[in-house]
Structure formats: structure tokens, C-alpha cells
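In what follows, subunit A forms one complex with subunit B and a second complex with subunit C.
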Partner chain A sequence: MATPADPSLNTTSSPPAAPTPAPASEPPAAMEAPSQAQAPKAPKAPKPAKPAKQAPKDKPAASAPADAQGDEKLSPAELKKKAKAEKAARRAREKAEREQGAPGGGQGPNTPAGKKGGSGDAGAPAAGSAAKGQKQIPRRGSAQAVPQAEEVKKKKENKNVAVFGHLYGQQRRNTVAGAGKEVHPAVLALGLQMRDYVVCGSSARCVATLLAFKRVIEAYTTPKGTSLARHLTTHLSHQITYLSTCRPLSISQGNAIRALKLAISSIDPSVPEAQAKTTLCEFIDSFIREKITVADQVIAGSAAQKIKDGDVVVTFAGSSIVKQTLLTAFKQGKKFRVSIIDSRPLFEGKNLARTLANAGLEVQYSLISGLSHAVKDATKVFLGAHAMTSNGRLYSRVGTALVAMSAKERAGGVEIPVIVCCETVKFTDRVALDSIVVNEIADADELVLTQPPHQLTDLPDPAAAAQPEPKKGGKSAPSNPTPESAPKSSDSPLADWRDTPNLQLLNLLYDATPAEYVDMVVTEMGSLPPSAVPIVHRMSTNL
Partner chain B sequence: MVVGNIVRRVLGLIRDEAEDDRDGDFSLSDAGSESQPQTPRGGDDPSDFHGSDRGASKPISSLATHPVSMFSLLSHPETETSLPGTPATGSPSGRLPGHTQNRDIRAEVLDGINEIIDELGQVDDQIAAYALDHIHSNEIILTHTSSTTVQKFLLKAAHKRKFTVIHAESYPNNHEATHATVSGTAPNDDEILSTESFQKPLIAHGITVILIPDSAVFALMSRVNKVILGTHSVLANGGLVAAAGTRVIARAAKVHQTPCVVVSGVYKLSPVYPFDFDSLIEYGDSSKVIGYEDGDLVDQIDVQNPLYDYVPAELVDLYITNLGGHAPSYLYRIVSDHYRKEDISF
Partner chain C sequence: MAAPNSQITKPSEPFDIVATYNDLLRSDPDLTMPIAAIEALVLLLTHSPSSTISETLDLLEKSTTHLKKSIPNPIGLSAGTDLFQRYLITTLQRPGQLGPAGDFNAIRAHLLSNSRLFIRRAKESRDKIAGFGRGFVRDGSTVLTNGGSRVVASLLQQAADEKGGPSAVRFRVIYVLSSPKGDIENPTAEPEGMETVRALRAKGVPVATIPESAVAYSLGKADVVIVGAEGVVENGGIVSRMGTYQIGLLAKAMGKPFYVVAESHKFVRVYPLGQYDLPIEQHVIDFKTQEDVDSAKQQQRPTDVPKSPSLNSEFDADSVDFTPPHLISALITDSGVLTPSAVSEELIKIWF
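Take a look at the complex of A and B:
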């Protein structure tokens, strides 16, 4: 909640350069994006310039000079009217909260001043209304959602599982609204895709990120007064920040970004911009090729050699590299059976099962509850990885540890070799003793949403749309959910879990498999024991 | 399986009565063997049929014993009257001979059956009485599926102590019931309202309940103090047959050195020794694993949905029955207390 005074003060401290305030006054700029989108009356051009304009002239924002008044008069007035009407409606609804809320808000001191001064003064109300626009329009667009959103937040804090308290970051971004204007459209789209698991899987996310950054670099022009090497890094960091608000970055993404930043910083400032950009794009291309595409082929090739005729290969969820391995082995004419273990809520194994079955493999599919049966006649376990930690632990989709454990601890049977397919770009120097230290928590509502009866109707949209309803209904009247959830009975017990005291849902994304369960890590540099991870990581980062 | 256990106990009861009446009589073995071939038919059919709905197996089992026991009772007098020696040699105990004695047996057997039914009704509460010995403050308990025995056990402890329960949802066979248990909404089936549905859920007692998917069990196990499992039936070697997914949980508990406690009524103790685990496992509806929208997949791939897991005895640290806590290795003794060896194999 940055008050308009703050960025204006910021700009006073660095007044001269026109484009430079952009990063400095990022919060207002970020908030202006939705206001521009939703209220087209607001003139676009003057707004970013406003802090700069204001800054030299009036530091106390209330004393308003009357220049630049004419063109802005309409919009503040309209905005104010709208705001007033809404405010009145809101007041009528809940007086007490309004009275406390408004002065508490940052624009509190500004708004009364603007009102008293009437539409005469341009600067302050413009700033004030801009602030209002920033603050309130996006919220009011969703009408009565304001108090409810707050309630949800309050509840949400209780809903955090205490042990994982450190893993609950800010809530994931739901829209592109509020994203900084520096964020490239390709990155915007990618962020949402990652959030919705459209782009899912460590390598896929890494490749998609790099491709998006390539487009960012192609569209990038170095502003005057800075060098590409220095400014592009900050420019990229905006993109990265945005991506990480959509979904925490994967290890591979982090590694790729680190390599890219290193490449940027190593560019000689004397190199012309166009040439530097092509160099960087080539770097990205070769990075993807070397570290992921070719690496995958190498891994698939060498891992496929491990598959023998008559094997029963168990795999968990839907790793792209495992899929490639199995298909490669199948193409080599090997006869084996694949048993896919899957789990809620992502059901990534379904896609893998479909692909493999279409390719003609013999596939058996079961959920994690049937794990001990699937492992019984298995001869090998192939696992994908999200990352390999420096202490040799395999950090992968939640449930992987169970599969590896069952393979190793089969009662009365011979241990089944557990083979992990992992590119070295997924190696990290982080260490993790258990799955709690490093992890990612997904939206717990996913556990509620994905119920088979929904998919029966094959209409995910109504289900998704209906989902918030029980929540809101539950807030106003606890007895409400029953009629709403009657048609979809499976949803009823958990639909209003946020309102149920003491009930928490936990939706972890990853777990850490102990190193002793992993027999071999197949990388593009060869097949290694898990203890070799730190050495390979050091080698690959020093290169 | 549970039904079979009850049948065995009823049979044992009848034998006891018969033995009391004609102690040492040679015709006893005849009477026993005469009634035996008939009971399996009564016993096996319901066990096969009801074994699939595990949640309901307990009340049904007590009901199912009625026809079985009546059947064997009806057959009992017949065999005795058909045996020429019975009325004459039954008198040494000093009781009245002939029909009055048979009626006496029948009444006593019925009393015995009523006792068993009473026991079945009280089992959960009796087990719950041990809860405070095993659950302490601020513990983190992990459980699985919506077993009423486990819920009562935890509820009992919840009256006195504050702890945290992590509940794995056992998708896809029991997750709806688990969700209902966890959130405290009664399952909206049209079944008879049982006493359980009137009970307050754990969350109403201020117990924090965390619902997790089954896959997250390993990740959380390092923070769990105790695993409490319900079961479908317990075998004589200390292993158990429980809902699918239990074995992995028990295994994960073992790996993390977390004690694994199984709560089970004595009626679930089965004298069967598992030599062929696969025969104990039932497979369920594969449409629960892959929904109808993925129907094209079903043709191409082999979808499996086992309902039960066999958990070997070494994964279990403690059994709590209505008789108290036992080590898995001690179970065979309880088994032999409850069943007669003639009845072990139908």
C-alpha cells in the first residue's frame, strides 16, 4: 500500500532521468496497470509522468497548483463520483469497518483533502484518485468481494499447517492484473500457464522460461545512459519476480537463470546492442539444446539400455524424461511392461499412460494406494526428478519417496533397482534432510476440486465457477452449502473447509527421497551414484 | 473375513455348550462335524458379499450371524435326535434328557450370541478406553481412512488432550467417507443414522486435523509421533489386511522409526494364517481410478484398484484390542483363546 507521497519523494531524490523512475516507482506503476485497463477514462500518458511532474513542484501533495488541470479534470471527477457512490453503498453495508478501514488506508489523508478542495485542485486529487484507482477500482470491480476477500485472508492464515509455516509465501497470483508494466507479455502468459500447471514439470518450465526470456531479450532496447549488461539484468529480474509470484521457481529454472545472468554480465559493454542480443539468444538456444534437449536424448538412450526384455518397469507420475526413456526402449524392440503409479491431485500419470498406450506399450495403471501391489512383480523403478540435492536426495513429485521406499523394502523380495533420470541442470547445492525443509505448497483447494464426479460432466468450468460459491455461501450462512452441494455430493464434505475450524488441508508438491533408496542417477554426463551429485554440480557450474 | 470369525465363534460357542452337556461324549465330534458342512455355506456367502463394503461389515456381520447361527441351531437338534445314542447318554450330567435339554442348549447358545452382539457393540468404546494411555499432549498422529474405531479412539483422547491429527484420505476408495469424517459432515447416504453420525467430529473438540493426499505420507512422516491404523481384519501371525495404502504408510512409519499402532476389535482377529496373500486381496471398481471421461484409456491400459493391502507383522508395533494392548507376536494366543481349532478351516 504505497502512498502516492512515497514514490514522489523517491523521485525527488533522483529527479533528472525520465525513464529511470520506472523501476524506482515500481509499486504505483504496477498498480496503475489495472486501473488503466479497467477505467479507460483515465488518461494513460500523464500518469506515469505524474510523480515526476509533481515531484519538483509540490512535495506536500495537498498544496495543489492548477497546471495540467484541464485535461485531467474529467477523469478525477468521474473517478471521485464513482468512488463516492461506492463508498456510500459500502458505508451503508458496514459502517464500522469502513470508518476504521479508510483512515487506516494509505490514501486516507489524501481523500478528505481532495474532497474538501473539490475538483479545483488537480495535482493532489489526481494523485489521490490515481491512488484510489490503483487501490480501489480493482477491488470494486469485484463488487462486494472486498470484505470477503479480507475474511478469506484472515482464515487462510489459520489454515496454514504449522510445520510448513515457512513454506507459505504470498498467495499465488491469480490474474495478470497488478503485474509490472516491464513484464513482457510472453512472460505474463507463461506465468499463468505455470500457475495452472499447463506448463508443468521441471524441464518444461525451464525451457519455457528460457524461451520467454529470449523473446524478452529480442524485444529489449537498452535505455540511454546504461549499458546492456547492467540494465538487462534488472529488467530480467522483474520478469523473474513476476514468474516467482505465479509459482515458486524450480531448481532448474533457477540454474538456467543464473547461467543466463552470468552470460549477460560477461558481455563486453563495448559490444553493440544488436550483436549482444544475438549472442544472448544464441546462448539461450545452446543452453536449451545442451542442457535439456540433447541431455534428454542422451539420458533416454543410456537409461533405455537398462531395460531388458521381460522387465516390469514401475514409474511414478508423469516425468517427461522417463516417458522418453520408455519410448526409446520400446523403439529398440524391447518387450517390457510399464506400471504407472499416480496420485491426486494432479494425475500426471494419466497423460503418460495415454501416450505410452497409444505408442503400443503394455501399461498398467494404479493409484498410490495400490502401490504395494504394483511393486510386487516389478523389476525396475524409473523415476523422474525435480531436483537432486547436494546430499544426494531426490527431490521430486510428492509420492516418489513412497515408490522408492516400496521398491527397496519389499517384504521377502529382492530389492528392485531404483533409477533416477535427471539432467545435471536439475542439480542444486541446496541440501535437504527431509521434505519439510524445502518444498512447495500448492493451493489446497485443488484437493477439493478434483473429484471424479465433476469430470463426469466434462464441464470443468461450471465446477470451477461453482467452487467459490459454497465458500461465499458458507460465510454468510453455514447451512447454505447443503443445497448447493447437493447436486455434487462428493464435494460437500470439504467444500467449505476454510470455514471449518481446526480443519486444514495440505497439498504438498514435492518430497525428498533418501539417498539410500536411489541406486543410480542417469545424467547426460553418465550414470552416477547419488553421492556424486555435489561433484557434478560443481563441475557443471564452473564450466 | 470378519463374518467368518463370528461364525467361528458361534460355532465354538455351540460346541462349548454341547460339551458341557455331554462331557466327554463320543457323539460330540459327530454332532460337530455334522453341523460343520452346513455352516460354511452360511458363513462364506455373506463374507464374500459383505467383505466388499468394509465400513458396513461390522453391523452386518452381527446381523449375518443370526441366520447362520439359527441355521446351525436348527440343524443341531436334528443331528442330535438323529443320533441314537444322544438322548440316552446325555443324561450323565444330571440334566433333563431329550428335548428339554436341546431347548436348553438353544437358549444358552442364543444368550451366547447375544453376548457376542453386545461385545461387537461395545468394542469401539472398549478400545477407546485405552486411548489416554497411548496418546499424549501435543503429539502428531497420522491415520488413514475413516475407521470408526480409530475415530472413537482419537475422540476419547481428544476429551482430555490436545494433539494434531494428520489424516490421509485414502483416495479413491474411501476418500469421500474420509472427507466427511474429517469435516464432520455426516455422510449423506440414506442409511440408518448410526450413533457415530451424532458424534462430534474431532475438529469440534479443538483438535487440529490436517487432511493430506496419500502421496504426502512420506514427506510428513518425519514429523509424526505415532501412526494409528484401523484394519479390515487381523491374521493370526500378526499381519493384517487393511485398506489399500496402509502397507505403504506402515512401511514409511517403520523407516522413520515411528511407532505404528493398530486398533482393532478382537472380533477382527482371524485364525487364518496367510500363506497366499493375493487371495486375501480384493480388487475394486477400476472406474474409481480412471473416471468415465477417460474411457478411451481403459481399453488400452490395465487399470488396477486393489481394495486391501496385506501388512506384514513386522511393520506393526502394537495392537490395541478391546482386551488391551498386545505385541503382534502374541496375537496367536488370543486367537486360540477365541476360536476352537476345529473351526479354523471351514
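Take a look at the complex of A and C:
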């Protein structure tokens, strides 16, 4: 393995250079960081890898799917350019595309190579018949992709992590193009917002979904020949399918949708449509109020009681309910400190830190790598939840289990109580034994794209160089000064990980915390041990 | 019973729930705290002239808070008051003659008669528990127990009784007696539990009494640990007399089963996260320097000469600790033998 590993090592360090538009700047760019000491050699080494990468790039206008391949390894900045070029190209070939179900060109970009090759074969006959359902085509490789995809397939390895292979499924939707005409604009927008984590968090997604569905119901008219109770459910399921292609539905969304569908199906067919719609809208409003808004207040109230003067509360990422709890406790005049643990790539804790600090709390913010230090003086751990499973496990943002475990297993100290704040709408009758079987995989590119902090040792931008030149020049002289001509995004050594052999990236969203590491679950129905989750779930769904 | 007494005093002075509660506890040694609380509340309702439901609930709420505030350790008590309040509300919500639409006097009469039935049943539950618990005392085994729990006493006595069951179990008892030193007000008092020790010895059960400091030493000879509880909390742990937690820890370390005997009316809606998270104030750990001791002595001398300047003088014999659920093998209650996690299920059933 030693010899094949070497070129791969080199290639991993070289990528910063690869996508650079100006080849002249390559060697200096590689030299700028001392960690990339071997970089000078790199430009030679990656050459065999380059053709694979360059090939699709060289013919952007040749075919839309080729663009798609190129897009995969590009930064958002370049993505935009590509998208524009692609759009123009598509317009020019509009007619041809229509014949072949070409919206696929727009949808394809994120389809992984392996999958594309596989589905491309299946897609070929499908594209031949233009009448084929529009919704399916976008997610599959289009006819044009076939020759291209097969060519790439030979050179590319599967970038899916094998253990989590079952989780990859469909690629996430990138655009509203190709969505069914039944899908309501509010739902279309929401889907993209959820995909971009603009609407993020189990409760927020649940509420947003219900509100969007309320607008769907308001805009709905029963077609002739069907009844509302029968047709609205199928109408809604189009919306739901669309949403789930943007991002897999959360447990709370699933529970809310189930409740809504039950409410729809229990509507008497003889009830006039206007009245039925009002009933449903009222149902949605009361569901949000009872299960989320008021529930959150109750939970925040009772969880805040557990915070005592002098406590050091550790929390992970940004849970809205934990935020509410901490603010409630603070308003009650309790004196405590908050230590927020955050993690890449979502950095949900940043918002929480800012909100709490603005409110006047004493806040310490650190990343999960500083966990053991933060846990040292902690007295309580408050966690939010994505879901609670029937065996009492906490299913939450990846990293939560680590926080809970280090709080419980703290060596040589008193163990710290771990408190979970969770509405009962997040309870599920599913069972999670590990975080492998059920999980969600986000786009691995999220791990790659980071804005590196401004480096003092960098040479300033040529444009803005005028004034600070003398100072910085002196400073950066000892280290290798390099003109920063490469775009920011290409700085990441992993930028073109898809072309790097033997490299797979994994961006999991959730993990499962064993029930033993959770002391208490605060719900709107009271405080429970994690073992009582199935009982409460049964009762709250029967009510 | 205290009922007639308080009925006489009622016209002259307002009903004092705290005094009634204390009277009840003193008058009947078999009475547990939650039951005494319920009985006191029933008496309160008999005396109060309230004529509407909300008035009744309001009165109940107020007296409960008052009662809880005036008793140093309201955990056991709140189990009773919560249960009674819950029972009242469910009764009032029921449709029919006794529901909100019905005649309030009828409701009240029904409530009072049922409450008495409830109290009687609660007392009987001890026998029921003894029936369930017998099986845990095996022939030839040695049982380690502590405190003055009446349920444990009745369980052990019934197990030893030849008349009661199929055949008497031959077992031995190691009884942990807490030092009476803490009880300063009553220096002549014997340690709690001596009564049970005598009763067991009278039945021919060999009983060894050991101090709390000898638990770890003696546990090797014991096969099973059975303790009582003041309250069973939501996560399945117990609040019990000081010293139970350490027995639990030792039993866990030595791999001995640790059983808790408690009536189901002792289930209380409290969720302590640890020893210092109990909803009561107790000053068990009290740091002092010689200066503090001296100043305390000087303050005492003029007034309280008899009070001994013992270092333990602050130690309250009634203090409790919390035994977390993972130390408990099973809870023997009148609704069956439960695992700690089943307690929350039982509590949820009562409350929803």
C-alpha cells in the first residue's frame, strides 16, 4: 500500500492548486503554508489525476451534464459562474433538451459519479421517451450523461462511505426546477430554505412545514368528483415528497404530518369545503400552539428550575429550547455561567452565544475539540433533541453523544447530570441502537468549504495592498511570502476531494446518545427518565 | 382519631392544618406521612364551608402549600397531597351526578366517604406488600435492613410468621441501627427500629444489630438488602433516611440485591438529580472553625444550658438522602414488584 499511498498524499496536498484559473500562481500558492512543504513536488504528481478533473471542465459548453460533473468539485463562487454559462448553453439548446428531458442537466450536478453511472444506464431509455414523468428525470442522469458518466466512472471511485452507504439515497434537490406543478410556492420556498439550513432545527422545521401546509390548504380547492378528505391527503403528499427531496424529514415533521393527515381523514365528507378548510387551519394552529409554543414555555419553566445559583451549564450547538430555558432561568435572577460547545460545519452555537451574551449572561464559547476543558468545571449539561427514540436514546446533532458521555464519564469527579429538553412531538416509536442504521448525511462539501481566517503572513490583496504594504511585508518576510491570487475557496486542501483517490468525506448530521448517559428528559408532560419515553409517546399519540 | 377533637375546636378558631397533621402523626404510630396529609386534607374539607368546586380546589391548594412550608421535610407529605388533589380533580371531572353538573353537597359527601376508603386501603396495602415481598426472603438467607420502616417490619414479621403463610421462612436479620446520638432532644430514646428488633426476636428470628459504620463489614454475610423509603421519586430512585444511599452503594459494589419496600402512595412527583437537588433544606454538612463553635457556645449558654456542646448538635436525625435508581434492584410495592424505570410509568398513569 505504501507506494500507491504516496501519490494520493501528494494529491491531497496539491488540490489547492488544481482549480486555480491562473497556472502561473500555482507553485507560490503551494508554498505559502509550511505544512505543505512537499507541495513544490505536487504539481508534477497530480498530473495523472488532473485529466479526470480537467476533462469535464474543458468542455463546459459541450454538454450540460459535463457541466454537472465540473460543478461538483467547484467552489460556490465558481459554481455561480458555471451555472450562468450552463444556463446560456441550455437556452441555446432548449429544443434539444426538451426532447431529452434535459432539466436533468440542472439537477444532475450533485449526483455522485458512481450513482450517476449506474442510473445513467437506466436513464437512457427513460430519456428517449420525452413523455416520461418530469419529476423522475431530474434526479437521474439524463441521456446526455450516459457516455460522459461511463467515462468518468472508470476513473472515479465511489465517494460514499461504505458503512453509511444505505444513507446516501437520493441526492438533495438543488433547485425548484422539475418540482411537480402541484407543489405550492410556499412549500417550494420552504424546501430550499430547509436545504440551505435557513430553516434548521427539528421544531423550527416542524412549525414551518405546518405553516406552509396551512397555506396549501387555504389555496386548495377540491377537484370535481373527489372528496376533500380523500384528495387533500394525496395533494399534501406531493408537497411532502418535494420537501423530503430537499432534506429528509425530521421526526417532528413526520409526527406533525401524521397528525394532520389523521385530522384530514376524519373530516366528514358532508362538511362543506370552506368549513373543512377552516377546521384544518384551526387544527394546525392549535397543534403548533399545544405541541410546540406552549410546550416550549412549560419545558423552559420546569427545566429552569433545575438551574441553581453558581451552576456552570454546558450545552451543545444551538437548541432553541435550551436557549429559552437559559433565558428563563436568567430572568428568574439565577446566577450561572453558560459554556457553549459548538462544532463544524453548521456552527449553530454561534447564534446561541450571541443571543445569550446580548441578554446579559456570562457565556463561554468553544468548539467540541475543547470539550474536555469545558466539562472540567461544568455542573450541568443541557441538551436539545432532534428526537427521542423508544429505547430512551437521544437522537440529536452529531457531537451530542460525545458531550453527554464526557460529562458522565468525567474521571475523578462527580458525574454531571445530563438534562435533555424535548417536546413530546419529537418522540418516536422507532428504536435506535446506533447512529449508523438511521441517520442523515449532509453534503460532504460542507466540510470542505470554510472561510480560512485572515492570515497575517499572507500578502495582502494587490488591490488593497497600497497602505499596509511596509508593515506586512516586513512581517511576512521570514515565512514564504506568496501573492494571494488564488480564490479563497481553493485554499482548502480538500477542495477537490472527489478527484483524490482513496479519500472519502463523511458529513453525518446526527448521533444517538445511549439512555444511560441521560439523567432526565424534560417534556411538557413532566420530567421523565429516558426509559419512560415509549410510555409517554404512547399516551401523547392516543390523546 | 383526631377528628372529633378538631370538630369541637372548629367553631372557636380557624382550622389549623399543620397542627392537625402533626396530631394525626402522633396519635397513630402506624400512619405514614402521605396518609396523614390526606387525612388532614379530608378533615379540612369536612370543616370548610366551601360550596363550589373552584373554592374547594383553591382552599386545598392554599392549605397544601402552607402545610408543605411548615414541615421541614415535605417529600413524603407532598406525595399524599398531590395524590389527593389529583383524585379530587379526576372525580370532579367525571361526567354524571358527581361531575361538575351535579349537586356539590353530594359530591362532597361522596368525596369524603371515598377518601376514608382510600385511607383504609392505604393502610391495608402494607399487608399486600408483605405478600409480594415474602418471596424475596429465602430460606436460610440473611437480610440486612435499616431504619424504622413499618413496611419492612411488617414484611419481615409476616415472613417469620408461621400462621400467616404456607410455612415460616427461616432467616436471619442484620439490623443497622443509627446511633441515637443525633437525637439530642430525647437522650433516653432508643434507636429507631429497636421495636422491630424485639418483635422479630420474639418470633424466633435471630437478629444482629450493628452500627452504621459496620455496614460494609457485615454486608459480606448478608444475602439481600431490604430497605424502606420515605418517598419514591419519578426516576425510580428513593428518598430515604440518611444512610440508605451508602448502603445502596455498598450493596451495588458487593453485588447484593437491593430491594426497596414502599407503598404506591409514596410515589411522589419530584425529580432529584443528586443528593443536593432535593426540594428540602437540610444542613447536614456544616463547616465550622473553632471561632464559630465558641461564638455559638456563648450564644447558647445564657439560655440553653442543657444543650450539650456536641459537635453533632446540628445533625438532624430526620435528615434524608437520595438513592439513585441504578442502585436499586427492584421496588416491592402494593401494585406489584417494579423495576425503578416502571415507577415513572406508574406515576404517569396516575397523573394523565
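Quick note on the criterion: the second predicted complex is superposed on the first by the 345 of 543 C-alpha atoms of A that agree within 3 Å, B and C clash if a C-alpha of one lies under 4 Å from a C-alpha of the other, contacts with A are read in each partner's own complex, and residues count from 1 in each chain.
Here is the rule we go by: a contact is a pair of C-beta atoms (placed from the backbone, for glycine too) under 8 Å apart; a residue touches a chain by one contact, two chains touch by 3 or more.
All values derive from a computational prediction rather than experimental measurement.
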- Give one word, clash or fit, describing how subunit B and subunit C relate on subunit A after superposing. fit
- Message: Looking only at contacts as defined up top, I'd like to know whether subunit B or subunit C touches more of subunit A.
- Response: B
- Message: Looking at A:L367, would you say it contacts subunit B, subunit C, both, or neither? Reply first, second, both or neither.
- Response: first
- Query: What is the contact status of A:A385 with respect to subunit B (first) and subunit C (second): first, second, both, or neither?
  - Reply: neither
- Which of the two partners, first being subunit B and second being subunit C, lies in contact with A:V536: first, second, both, or neither? second
- Task: Mind working out whether A:A300 is in touch with subunit B, subunit C, both or neither, as first, second, both or neither?
- Result: neither
- Message: One more residue to check, A:G526. First (subunit B), second (subunit C), both or neither?
- Response: second
- Task: Could you tell me if A:V216 is touching subunit B, subunit C, both of them or neither one (first, second, both, neither)?
- Result: neither
- Message: After the superposition on A, what does A:P501 contact: first (subunit B), second (subunit C), both or neither?
- Response: first
- Note on the structure: For subunit B relative to subunit C post-fit, closest CA-CA distance rounded to the angstrom comes to 18
- subunit A contact set shared between subunit B and subunit C covers none
- Query: Which subunit A residues qualify as touching subunit C in the complex?
  - Reply: 306, 380, 414, 417, 419, 519-520, 525-529, 531-532, 535-536, 539
- Note on the structure: Per the touch rule above, subunit A residues touching subunit B in the complex are 161, 163, 343-345, 350, 353-354, 357-358, 362-374, 397-399, 401-402, 405-406, 409, 411, 434-436, 439, 447, 452, 455-456, 458, 489-490, 492-494, 496-497, 500-508, 510-512
- Note on the structure: Within their complex, subunit B touches subunit A through residues 169-173, 176, 179-180, 182-185, 188, 202-203, 206-220, 222-223, 243-245, 247-248, 251-252, 254-255, 281, 288-294, 296-297, 300-306, 309-310, 312
- Which residues, counting only subunit C, touch subunit A once they are in their complex? 234-236, 269, 271, 273-274, 277, 325, 341, 344-345, 348, 351-352
